[in-house]
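You will see two complexes here that share subunit A, one where it goes with subunit B and one where it goes with subunit C.
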Partner chain A sequence: MKLLTLNFLTCAIKSCKSSPASFPLHPRDATLEIIESDLNLAFLRNILPRLMWSELCTITRELGLPALPETVPTGEDMVEKKEGEEEVASQTAKDLHRVLLETGIREGGLVCGNCGHEYKVLEGVGNFLLPGHLV
Partner chain B sequence: MTDAEIRGEAYEAQHVHTVYEEIATHFSSTRYKPWPIVERFLQELPDGSIGADIGCGNGKYLAVNPKVFIVGSDRSTNLVKIAKQHEPHAAVVADNLNLPHPLHCFDFAISIAVVHHLSTPERRIEALKAVLDLLQRPSDMSPDGGKALVYVWALEQKESRRGWDEGQEQDVMVPWVMKGGGEKPREKGRKKKRGETQEDRPTEGSSLAQPESKTYLRYYHLYRKGELEHDIEEAGGVVVESGYEKDNWWAIAKPR
Partner chain C sequence: MPEYLVRLVQVHESFRKAELQALADVAGIKIDFISYDEDSPFCVVGLPSDNAARTMISRGILSHGIYELWGEGSTYDNLHASVRKRSSEKWSLYHEIPFRFTLDSFRGSRKPADQRGIVDSFSYLGFMGPIRMKEAEVSFKVFEDYDNKASEPKHLYLGRFIGESGRQAKTTYDLKKRHYISTTSMDAELALLTANIALAATGKLFYDPFMGTGGFPIACAHFGALVTGSDIDGRSIRGTGGSARKGQTGKYDVAGNFKQYGTESHYLGAFISDLTNTPLRGLILGSEHGGYLDGIICDPPYGIREGLKVLGPREQLGEVERATHRDRYKEPTYIPPKRPYSFIAMLDDILAFAASTLVENGRLSMWMPTANDDDIELIIPTHPCLEIASVCVQPFNKWSRRLLTYRRLPDSEVSQEALLLAKKEYDKGVKADDLNAFRRKYFEGFKEYQRLQEAARATNDIVPEDTNT
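And now, the complex of A and B:
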């Protein structure tokens, strides 16, 4: 499950959603995987404003990944300026593509900081179905 | 006891979720052509839009527009495994009445051929409310707020081979026939599988029978004209646009 997904996931329990502690979910005993994909500069630039940056920094820190820049990169940070040539992805863009779109959780848990419920990730598929007593 | 008395979550687990999990691979092999209204809705989104596909199935609609980011979800793990292969999107296993998304975090949502599987009016309205709850509220960044496209099977489809039409029973069980030991789609003039001979087939019954076929029944609530719009209003939404497309009612809605 690619890490970008975590930017749009929280606890499935309704009463948790109003609590700031339910976002982001916290990885537990996670095994990571890399699934390479083509870098799409326009796509990366377009989703930048939607990233919850400090929460993403928390997730990457908890996973032991290299630290993200302290503040969210700008659209300009994503491009290597080269006169008269097509736009080339900067190292920042490559790093971001690597961590958000190519790095994923293969096995492990995702824990709600509000209620403590752990959701399982198996073979890269996160399962958010709730057991009967929590519905 | 009538069906209506026992409908609800457990009923859907048996008559919808279990069936899709079992027929996932076969179902997926028959689901690849997007409906035009859905395709148009997804293609017209601004680049970089973020959305949810509730009941994404095999991810047919995740393949339409790679310039947006969609988080798909479905109850069937087998279907999600197929859906998550569509880059750059994502897919998770979730229940459409208990979605694992922050409130109001998406620019758009689609719910295609999903709400008609819920077996009581209250649960169908709750499912629509769950979709509307995902959408961004109007703000400076997004003056209109988010919008959702909902698509359900129509009662009025007398041109279809099923022949349903107005005035008929709206709560129906629809068969899904799977031939070939649960693996092969039903097809005409099927070639024999390797190692399969005439003698391998049971000889009892009619020679026209399909001994390997298995029929699954799925529950559907067939929507009659105006009912989808009514349910959306009940769920706290406003219908922006709606219509009928090939045996289905559809509506584009936003939060009130």
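And now, the complex of A and C:
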């Protein structure tokens, strides 16, 4: 489960969705993995304004990852442009790519801050199916 | 605007115009349809420039290529007159260049000697450059459009080649060569087409809530989108259930498919969930955060090959049963109960989900089956936040399926009253047949359709082949 997807996932229980405490889900006993991938500037620029930034910072803090900037970087922060040269990805973009698209949860749990239900992650695939008594 | 001739393929006819429009939309190009006919593979469009034409067609699936239109006419005399009138000022540009001149007859053919005669009749163009059948710098084609079994063509075109389509992707992604598929995998051509119509492109985020073995996400990744997906059946994502192919061993999974096509950087991973009880966040009230998905594409289960289920027990749980679930759900062998669901309710759930997760002008493309016997007006599910962008039909013998594409309206265009009225009471049946009219008809062998045909034969009425169109 890449950390980017965690920015879109909340508790599957309908009554939890209205509570702010249900987002983000909190990692528990998580084993992390890094899968390298190509840096995609167009995607980073596109997705930045849609992220819930302070919630993303919460998760990286809970996982003990290097701190992210306090405020959302802008599209311009993603590139460094030197006079007469092509645009290249900035360090901020590289760091963000590392956190959002290369770091993922391999094994562990994701806990709802509202109801306390824990969703399991096995082999990098999260299971959000609800047991019979919670539907 | 300059006019261009698109050489289409003569399959999935009702998808072709929608695809061309989508190709123009995704490239931000203005397109004018000048002539288009479902029964012809030649379509004349107005586009701003050669470059625009080349960019646009490069990812087309239902076309072969695009040509600058040099002339057209119903007979060769008319064609020659049209070429002289339209393009005489361009002739001199190609006088010294290595060139190629060929003939493309649709639904007809010419003997080699006749072909030569036709090509020679264009000698007034004055091309003096060497003739190269391979690696020519400029390529011209005469197109002949015949009626079925006609001896003479009904329409002719002359075009200068501009660019080739992306149709070879259909072969690259052919299901026969894919490592990991299942019984309901979508044909590669249609999956790529769906991705095109949903405007998948570089930098975008796409999601498939019924991904199965990942056919749609793979197609979107081909066009550069980043993709994620989910399925109620975790076995299809993890791939521990083995492969649909005879003789293949080992573990094939969705991630493996992406590796096969070299697009694993575009795969964000998948999760196990049910769309009706989705863990994805929707619009958060009182927050400035809107949608985040650029597109949703899916082929929801019709309830025939693949069961139509949602989470939850069939019957209301008693106290004792609730306690059992509560005690047992953490055990690794626990399987959450599922119950049959109404197809109409599922479609409504998809629309509601799309309305709350798509970005403004994001697209939802979903497949929906219908029996061909319905003499009532076909119901297309609607939502106040979504506007229908295109409807394409793939007909089968007794049923057909259609690809419905919606555009998420910007919030400022959504009617608030309609939004309140949209809440619906769903069917409350418990058996699959009660909930899914299409499934019932399918297993009754579309008897109503047969009855209709027999009644028609008795009265010598003509029955339309496809009552849907």
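The definition used in the following text is that the second predicted complex is superposed on the first by the 135 of 135 C-alpha atoms of A that agree within 3 Å, B and C clash if a C-alpha of one lies under 4 Å from a C-alpha of the other, contacts with A are read in each partner's own complex, and residues count from 1 in each chain.
FYI, contacts are C-beta pairs under 8 Å (C-beta built on N, C-alpha and C of every residue); 3 or more make two chains touch, one makes a residue touch a chain.
No experiment lies behind these values; they were computed from the predicted model shown.
Trainee: Touching A:P131 in the superposition: subunit B (first), subunit C (second), both, neither?
Mentor: second
Trainee: Looking at A:K82, would you say it contacts subunit B, subunit C, both, or neither? Reply first, second, both or neither.
Mentor: Neither partner.
Trainee: I'd like to check the shared interface: which positions of subunit A are touched by both subunit B and subunit C across the two complexes?
Mentor: Comparing the two interfaces on subunit A, one with subunit B and one with subunit C, the shared residues are 1-2, 4-5, 8-14, 17, 23, 37-38, 40, 42-43, 45-47, 50, 101, 119, 123-130, 135.
Trainee: In the complex of these two chains, what residues of subunit B are touching subunit A?
Mentor: It comes out as residues 9, 47-48, 50, 52, 66-67, 69, 71, 73, 75, 77, 80-81, 84, 87-88, 90-95, 98-103, 105-106, 141.
Trainee: Can you list the residues on subunit C that touch subunit A in the complex?
Mentor: Within the complex, subunit C contacts subunit A at residues 202-205, 226, 228, 230, 232, 234, 237-238, 264-265, 268-274, 277-282, 284-285, 289-292, 294, 311-313, 317, 321-322, 325-326, 329, 334, 336-337, 359.
Trainee: Residue numbers of subunit A touching subunit C in their complex, please.
Mentor: Its residues touching subunit C are 1-2, 4-5, 8-14, 17-18, 23, 37-38, 40, 42-43, 45-47, 50, 52, 101, 104, 119, 123-133, 135.
Trainee: Mind pulling up the subunit A residues that touch subunit B in the complex?
Mentor: Result: residues 1-2, 4-5, 8-14, 17, 23, 37-38, 40, 42-43, 45-47, 49-50, 101, 119, 123-130, 135 of subunit A touch subunit B.
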